[in-house]
Amino acid sequence: MKAFLAKPTVQKIVAALLSIFFGLIFGFLILLVASLLREKASYPFDAFYTIFTGGLRYTGLRGFGIILRFISPILLTGLSVGFAFKTGLFNIGASGQFVAGGFTAAYIAIKWTFIPLEYLWIVALLGAVLVGGIVGMISGLLKAYRNVNEVISSIMLNYIAMITVSNLISVIKDANNPSRTQPPLARIPTLGLDKIFGSNTADMGIFIAIAVALLIYVVLEKTTFGYELKACGYNRNAARYAGINDRLGITLSMTIAGALSGLGGALVYISAITKVFDSLLVLAPEGFDGISVALLGMSNPLGIIFSASFIAILKGAGPSLARSGFNDEVVKIMTAVIIYASAFSLIFREKLGALINRKGTKS
Amino acid sequence: MNILDTLFFLVKNMIPYMIPLTIVALGGMFSERSGIVNIALEGIMVFGASFGIFYIYFLPNLFPPQITLLIALVIALISGMVFSLLHAYASINLKANQTISGTALNLFALAFHDFMARLITPNAVEGVRFENAFRIVKVPLLGDIPLIGDLLFKDVYITTYLGIVILIVASFVLYKTRFGLRLRACGEHPQAADSVGIKVNRMRYAGVLISGALAGLGGLVLVVPSTVEYTGTVSGYGFLALAVLIFGQWKPTKIFLAAAFFGLMQVIANSSGLSFFTALGINKYFYQIVPFLTTLIVLTFTSSKSAAPKAAGEPYDPGKR
Amino acid sequence: APKEEEPTYELALVTDIGTIDDKSFNQGAWEGVKQYAEENDITYQYYQPAEATTAAYVEAIGQAVDGGAKVVVTPGYMFAPAILEAQDLYPEVKFVLLDADPHDENYTEFRIEDNVYSIYYAEEQSGFLAGYAAVIDGYTSLGFMGGMAVPAVVRFGHGFVQGAEAAAVELNVDVTVKYEYLNSFAPDDAHKTKALAWYSEGVEAIFVAAGGAGLSVMAAADTLDTAKVIGVDVDQSNLSDSVITSAMKGLTTSVYEALVDYYADEFKGGVIETLDVTKDGVGLPEDFSRFTTFNQAKYDEIYAKLVNGTIVVKKDAAKVMDLVLTKVVITLIGSE
Amino acid sequence: MIDVIELRNITKIFPGIIANDDITLKVRQGEIHALLGENGAGKSTLMSVLFGLYRPEKGSIFINGQEAHIANPNDANRYGIGMVHQHFKLVHNFTVLENVVLGVETVHNGVLSMAEARKKVVELSKRYNLFVEPDHLISDISVGMQQRVEILKMLYRENNILIFDEPTAVLTPQEIDELMKIMKELISEGKTILFITHKLNEIKAVADRVSILRKGRLIDTVDVATTSKESLSEMMVGRKVMLEVEKKLAEPKEVILEVKNMSIKSKHHGKNAVHNVSFKVRRGEILCIAGIEGNGQTDLVYGLTGLSKLSSGEIHYKSVNLADKSIRYRSISGIAHIPEDRHKHGLVLDYNLAENLILQTYFTPKFQNKGFLDFKKIYTNADQVIQKYDIRSGNGSRSITRSMSGGNQQKAIVGRELETNPDLLIAVQPTRGLDVGAIEYIHKTLIDQRDQGKAVILVSLELNEVMSVSDRILVMYEGEIVGQADPAKISQQELGLYMSGSKREEVIE
């Protein structure tokens, strides 16, 4: 038991669970406060139960399908941000990479009819990876060769991508509605998930996302390539000294981060569920969710699978909260508190470590 | 409109963008100069603006409009400061990754506004309507000065002057006072500061709290002139302020110039309807991306030396050398 | 205070993007639901879908039904595919679909069942009236700001231009219209700047059909002595002194009426209806005090012409630039 | 005589290590008291306790016979204690003046008034011959200057107990001489000095008494005058140490590296940092590049290793021109590099030791297979290197490198580079900050390399090292080679003349 608890991984997981616990408690207090102050919001216990089950108490299997569908994009943007973190970069540009990739996928899935329909979705995914990667690469190149802080360049690129996509809608616009794109012709296969969950929500995207997470894990932790990228992130000069092309490393890190977000976009915009682009100038929230997901998952791809699922569950609970007279900001507050509480994990791990050691010396 | 009028229009209208950006970026500057990266500026702006607006919402007519606005500004400032304590505690006492609490605060503020607004508005909605009686049509006497009067003393909000005062005070504090010297030392080399008896953590608290105060204030400064209903968003201005801070190389004057540059570009982006610009026949799209693209381009040629505070972003560890 | 057993809500609204205070169709519809429910002491609630996808809409509708809804109001064209599904899923529930009729995403299948009542509004007539009134009142330099080029907003804009044309021909004056889509329904400094730019170039009145973004245009108008705004959807004169009139559509009333019908067992199931001037579905507010020459009499006169078909407002032009105009010159900023 | 400082039974524990173990130490008023000990013996820790940076678990401090409670540097300052830290505590983008006054600023109504401070600083620097320009930025001045700033900081605070933690590790011989003079002068004014160094010569030169620490314990305090260097080093390491470098005469073989007219642009000023330099290195010799810091040695090495681009010239190595070859190419073809700045270039501090030990070789078949790292081999390799080079750290191969002592970090780098079995080893300041035991080891290794027919380029600021290890000396001054010498024939004084630019000759090979 002691040895088990002494493992850093175990301590990290315990710390994460504790953060979630604090977040839930705080959320519950918020529910109570609201129920005392607002006539309509009278069912705090129900609401809490709803959140806890991700709304599945009401939505059942179909809701589960929706949650699965929520996981894939933020799992990928989370990986994107986490991957960059691991290589010493802060990719706040997941949002722009996400829409750029998503739009590319939609474009290909609508326009490239010269490709057989059964392969079109694959080409669309690849296109999204490519274009997302290019957007990320711009930040990477600017950082590597012109020393431009990647935070600011990716903030700018977020807006540029958003505006560009908004303006490009006319290229694949819906004949009946000039502000939207058409629905894509090709979609990611559902693999029968639509039958299982009784609605067109979950598709193969979830498997793609998880597979990519595993791949990123292997690349980062087990390969020479990951070793190089992390070296560039931790100490650019030492990487150079070791004969690693640091500029290439930084550029590639951001490119991969961008590609991941781009793929995330594709998983939404050519998914079984129909999400179309409209011309509204709003930054894609999935990109910012990615930051939360990465932080909660401690930038570890396996942790990110978990944190993306968790945040998707909370998100899934949102609409059902109306049943108890609440709105989804309660869930957002909880998410915020959980992330904040995860800041305590360092201290917590130290305390836990000390506790274990003390027990160790006694016996 | 002739070129001069167009120019006047551009300059006059960049003020509402540049003043809040300057204030908030200066806040970020104090935090980063003390060694704490504050990506929570966006959230703190929202939070500060919320409480400022709540005050105006509940007590719009207790005092004359300008006094009411001043009180609201003070409330925004204090609430921003209090809120930023959370960031300070996590980053300083808990030595947490500074992105974590920053992100958490950003999320929290947005949701918390909605939550509070629902509690206080009769229809339980997110938007809080307020009486906007704060515009100064013309400052007596000063408003009659040609050009300058039109530019700075007509159709203004006191927040404009506030922003300029804050800029001057901030430069002075940073460079001319003991506090400023010590604060900068903590952001560059906290071990050095510690070794000469400066309480690093205390200075960092001060830095974060100032950033909270200014961001909270900046939130309200941004919101008041642009609408009569506040829905709990500052549309990414906190992040833009972060960009302005970096663009401005963490120095007050350059921050001001960066904010002015960005403000000007924003106005141009939204002035594509002026005949001067329509005559150019350039697609609206290019106007829209102008602020972001030009910033990127300028950065490409000005970033070779980064003046980022050396220790910003790293928790202070006295044992580290 | 906390209560025990789970609540049910008999009347439900599922919101489109944005929420019930969007100064636009969500809000208009919600006020109808609320008014009827409160007058008749019926439980009501609104549900926000988790995202703007058909599946999420269907899911939210499911929540509403599961939560006891007998009537579900869904404002916005985005609901068309969702209602196509939901009308079969929940045959015993009634749906009021605004701005759309049930069809699939690709516009291949159109089908309305007995439990759905679809309402369209003749926004082009409403916009026409506003444009007409403004030009008659002496404004010759106008602006139109739409939130986004969605069908309802496009109809408002096209109607506005045609109304201006009609009045310009009548008075034999030349009129200019700046015409732009903001791609936003939220207040923003950017919109304020944009409006200021227009006003500073002589635009006298801007018709803003963009939900909350209108607030920023009003904020711009408030800083100038003579700048005017024309509101949208509901009478917005209370939002700013600069609002001379509003191009209304009877969202609230029509939802209210639909509920009245439902409880009177006269639900207009299977009906797709366009509420226009003949049905009092669109129009300007009765208060003309902020006009100088335009007045009730003028209004009644032009209104009658619309009712009896002397004037037909086109609503199917693909683009505003395709409209045939003689006295109005449009400057389109960006694209449509 | 009075004991101005008495440390009683000081025990300081860090996680997993007792850095100071029940140390009792007395320092007399007006003496230079040296502290000697291996890397990691606990010297810096003990001084940090005295200076208030660390709180000891046990023990007490007496100043002038009174118990003193020193919880932070402010308290220490109140007792007149000042410290020059091993790693300077200077803010790089502040001016000299700002650094000196930081923490004890004069203010009028909260506003800095620098005029008085400036006057005092100028006065002090005159009085102690510490020539510094108060308005220069720290980042623009040499390391020697920076140290003077540190000394000025103490003098400005009117401290009279001065702690110098390895002050000479980063200085040139001239600077060391000057520092020694300054220290003596300070003593003559009645100040007391605690002096940490690894260099026995220096102790011999200035110290009155010396305390020896080993593994956290105080071994003894002895008079310098009556104790030999040999016995000092024996006390410190616990065994006999060879202080003189023993080596056979070199047998230079074929030329392995020939540099022709190499020039490199400076990053700081418009001129060339390295200007038209030509030289040859043969197998079986240790060529030393001597010179005062900042005369282009660093850039020369960057040019050889590929960290900097040449602006002109050629580097022929085993008959290939390296000028446009990548760093990786050079390292694969047998050039190893022990870098000057171990934190900047030598190590990825957040990688563990094992990962750092493959920094140059991770891509070779030895450690990877089809792009996948072979961790089993990586850790076996680490264990071998750790054993062979006696690298000490808390968690063996899994220690995060950041937590290791500088000396052990250095050994790790040396070990890593030698394990690549290079044909040409470029070692820059390989013994900086190391204790005598470790220095002995590294010198021996360099000579071994030579004797195996490898070529070694040694860049060192330390004249002793230059004279005793090298077979041939090139002196650099302002980016040019100004002299060549045979260490057996040239005196330190003459070498100094070349280094300071007072003498130069054309070097033709």
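Chains: A, B, C and D, in written order; residue numbering restarts at 1 for each.
Methods note: a contact is a pair of C-beta atoms (placed from the backbone, for glycine too) under 8 Å apart; a residue touches a chain by one contact, two chains touch by 3 or more.
Just so it is clear, the model here is predicted, and its values are computed rather than measured.
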Of A-C and B-C, whichever chain pair has more C-beta contact pairs: A-C
Rounded Å distance, chain B centre to chain C centre (Cα mean): 36
Centre distance in Å when chain C and chain D are each reduced to the mean of their C-alpha atoms: 76
Inter-chain centre distance, chain A versus chain B - centres from mean C-alpha coordinates, in Å: 28
For chain B, residues that touch 2 or more chains besides their own: 284-285
Shared-contact residues (touching 2 or more other chains) in chain C: 335
Per-residue multi-chain contacts in chain D, two or more chains: none
Inter-chain touch pairs (all): A-B, A-C, A-D, B-C, B-D
Chain A residues touching chain B - in the complex, by the definition given at the top: 30, 34, 37-38, 40, 90, 92, 142, 146-149, 151-153, 155-157, 159-160, 163-164, 167, 283, 288, 291-292, 295, 327, 329-330, 332-333, 335-337, 339-340, 342-344, 346-347
Complex contact set, residues of chain D against chain B: 51, 53, 72-74, 77, 83, 85-94, 98-99, 102-105, 107, 110-112, 153, 402
For the chain B and chain A complex, residues of the former touching the latter: 39, 86, 90, 94-97, 99-101, 103-108, 110-112, 114-115, 118-119, 124, 236, 239-240, 242-243, 246-247, 284-285, 288-289, 291-293, 295-296, 299-301, 303-306, 308
Parts of chain A lying in touch with chain C, wherever the complex brings them together: 32, 35-36, 42-46, 58-59, 62-63, 66, 69-70, 166-167, 170, 175-180, 182-183, 199-201, 273-276, 278-282, 315-316, 318-320, 322-325, 327-328
Chain C - residues contacting chain B, complex: 19-21, 178, 180, 186-194, 196-198, 200-201, 212, 215-216, 218-219, 222-223, 239-240, 331, 333-335
